[in-house]
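In the two assemblies presented below, chain A is common to both, partnered first by chain B and then by chain C.
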Partner chain A sequence: MLYVVIGGSAGSFPVVTGLLASLDKNFPFPMFLCLHRLKNVRTGFVEALRLKSVLPVSEPYDREPVLRGHVYLAPANYHMYVTKSETISLSTEEVVNHSRPSIDITFSSAARSFGSKCVGILLSGANKDGALGMKAIKEAGGTAIVQSPDECQVRTMTTAAIKAADVDYILTGAQIISYLQKLKE
Partner chain B sequence: MFEEEDVKILIRALKDCGGYDFSDYSLKSFLRRVEKVLYDNKMDIYTLTNAIKIDSNFLEQVVKDITVNTTEIFRDPSVWQIIKYRVLPKLHAQKEINIWHAGCSIGMEVYSMEILLYEAGLLDKARIYATDINSDVLKTAEEGVFSYRSASEYLDNYRKALCVNPYNMDEKIIVPIEKYLDFNIPKDTLKVKPFLLSKAVFKKHNLVSGTNPFNVKYDMILCRNVLIYFNQTLQNKLFMDFWKYLNDDGVLVLGIHESILGPMSSKYDKKGLIYQKKLF
Partner chain C sequence: MEELFNISENGFRKITSTVRTAGSLDLIHFEPVLLCHRIERFMQLHGYASPEMLVEKMVRDKSFADFFIEGMRVPTTEMFRDPQMWVELEKNVFPKFKYESVVKIWVPDICGDDELNSILIILERNNLLQKSMVYATCGFERGIEDAKFSQTDLKKMEISKENYRNVFGDNGSLEDYFTKRDKVFVFSHQLSEKAIFLKHNLMTEAPPDMGFNLILFRNRALFYSMQARKNCIEKLYQSLIGGGYFIIGIGETLRGLEQTTSFVPNSKTENIFKKI
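Right after this comes the complex of A and B.
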């Protein structure tokens, strides 16, 4: 079993939709998306992802059990944690890195809960959220993948992560897709 | 990091010395909050436990820091649209309306409710009760003065909640925000207009106690993004308490990503974003 966590901010939306459109509909692992969005864009986001995605996408309820082949999008204005018992837990605690949801929080909780079974992917973005989360995933024995900063619309986030963590791969969006397509049990 | 045994000792001390029972909090979120308190105070868990035993003011402060206080004006406008168009119209015939905001924080939703009630011509017969475990936030709530900077990002919520009818998108509704709120941008304040103040009764109350703080039955209980910090046993107990304290056709309003799980789920009907009390 693997658990894929993806974080992104400014410039990540086209990469995420491209990725969700290209996966096999029998993708065998759960996927957790933590994407920053503008504060006033509360609704419509999950619908926009659903339009493109071959996998079911939802904003989870607190304590919702995790299913394989399902994509969970951190709801606006909540932090999203994943737990060892394979449930999702939400919180409205303080913003972290000016963000709620915070990528560091989702990534670190995935690292703590799933250790080496965790695949973290960090995409384009304009702040440093996600760098500590990437480091946590690496330290827990997971796989850390960063979108190539040269390809990112905004390179701040990926550059910070590469600096903070000894990442495994620096890949283009297309390479990230083929990496995920090849993931097996 | 610390051992589970140390956490139990801390929870015991908070209960014995302050009467606050955190034993049914979700362990994960309790640990997160404690870690933050330790970090902010540059303490380890032993020093913290000893300090709260000696200093009751410090204990109160720790309880305030452990509990979470996020709120917004008209948080999740779609919920307020349902209250406006599907709940309030049914209350017109009643002599009085009782509403409890359980875990009200600094009261932004209390005033949001007052604004909706005023717009519906129901504020005069409404009795609004609001409670929180944290006396500091209650003081802010009573004063009705907020930071403009932190509130301004939510002003779009106001427009959506009050000026958009989701059941008739063509309807033009104009409710200027100045009718209810005074802005002072240089001073960074957003003040609730005086006619809305001193309408609600604010009271310190710990939900864990299971008591009804006002001894009335409610037409509506709002408890939003509070129960996510509790374990399922306590959640279920509170769904039972709320059920007891609601009128027969009362409704419960939770956070938009909360749901009723467990045995009490059969005692409520989910109607869109709100829960209707079920008698049988």
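Right after this comes the complex of A and C.
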């Protein structure tokens, strides 16, 4: 069993939709998306992702049980934690890196809960959120993947993660898709 | 922030078992994953390098243990959070209060003043404040004092102003309810004095009154364990009148709770429920 956590901000949307469009309905692992978003815009985002995905995509409610092959999008203005008991906890705690949801929080909670079974993927973005989360995933024995900064629309986030953590792979969007497709094998 | 989640499970257990004996509120009621993050944040903010240092300080100083527990609680984020909920409240709930002689409202477990200030303002705007009894309760004396003498910084004011505009359009300004002093905005005393402030432990005490028409309990239960959440909601449910309204956060659910069948959704998207 693996747990895939993906973080992104400015410029990450095309990669996320490309990735969701490329996975087949038998993808066996849960996927957690923590994408920076406007706090008062609650509709449209998850619907846009659903259009591209054959996997079910939803914004979880607090303490929602995690299902295999399901994609969970962190709701606007909430932090999203994943827990050892395979549930999702939401929180209205202070912003982290000017962000709520914060990628650091989702990644770090996944690292703590799932250790080596955690695969973290960090995409394009304009601040340093996710760098400490990537470090936590690596230190917990998980796999840390960063989108190549050269390919990112905004490279701040991925560059910070590469600096903070000894990441396993620096890949293009297409290579990340390929990596995920091969995961189930 | 240097790290997230770097305290061990052993360190976590040491802290929670110490608080059980030294503090006035048992951390057993808190959701462990979120609590772990709160503890770590507290340690960073106050310069404790290890759980042992924190435990030692709490054992020596009981008032510090209470200070620590206060730090575990999460303040509300902003005034008029999730603006559409307030629109629904004004449009679909307040008209039902028109013929009530008294409207009893409870904002339990306040942490910060945002939710209280928001309800006071919207009641005032709808000419309901005069006949309303708004209970604001908190288990900590300091929490009560902070809410009584509410101040908002510029950053939160800007966020809240945007929410306010989303609720009321250009009809008035949030700043009308505040007085600016240096770098802070002080909430209208005329409004805050309409609230009934009480020290009240939601976990252990009976409701401060019964027969509430409306209870605002948004995003407070996120931080409680499932058992504590069930107990709280049962207590809140019992204190509502039949036909009373119960509001939880957008990201919350009543699924899996006994009261689920006794509440009907009044607004599914905004999580406004009605007791049947």
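What to note about this one:
One rule holds for everything that comes next: the second predicted complex is superposed on the first by the 182 of 185 C-alpha atoms of A that agree within 3 Å, B and C clash if a C-alpha of one lies under 4 Å from a C-alpha of the other, contacts with A are read in each partner's own complex, and residues count from 1 in each chain.
Rule of thumb we're sticking to: a residue touches a chain if its C-beta (ideal position, glycine included) is under 8 Å from a C-beta of that chain, and two chains touch if they have at least 3 such contacts.
Since the structure is predicted, the reported quantities are computational estimates derived from the model, not experimental observations.
After superposition on chain A, the partners chain B and chain C are seen to clash.
When the two structures are aligned on the shared chain, A:Thr92 is found in touch with chain B and with chain C. In the superposition on chain A, no contact is made by A:Asp24 with either chain B or chain C.
One of chain B and chain C touches more residues of chain A, and that partner is C.
Residue contacts after overlaying the shared chain place A:Thr83 against chain B and chain C alike. Within the superposed three-chain model, A:Ser108 lies in touch with chain C and out of touch with chain B [touch as defined at top]. Applying the stated contact rule after C-alpha superposition, one finds that A:Asp166 touches neither chain B nor chain C. Taken together, the two complexes place residues 40, 42, 59-63, 75, 77-78, 81, 83, 89-94 of chain A in contact with chain B and also with chain C. Chain contact summary for the complex, chain A toward chain C: residues 40, 42, 59-64, 75, 77-78, 81, 83, 89-94, 96, 100, 104-105, 108-109, 111-113, 132-133, 135-136.
The part of chain B that touches chain A in the complex is made up of residues 26, 28-29, 32-33, 68, 70, 75-76, 78, 153, 156, 225, 228-229, 232, 255-259, 261.
On the side of chain C, the complex with chain A involves touching residues 1-5, 31, 33-34, 36-38, 41, 74-77, 81-84, 162-163, 166, 219, 221-223, 226, 249-253, 255-256.
By the touch criterion stated above, chain A contacts chain B in their complex at residues 39-40, 42-43, 59-63, 75, 77-78, 81, 83, 89-94.
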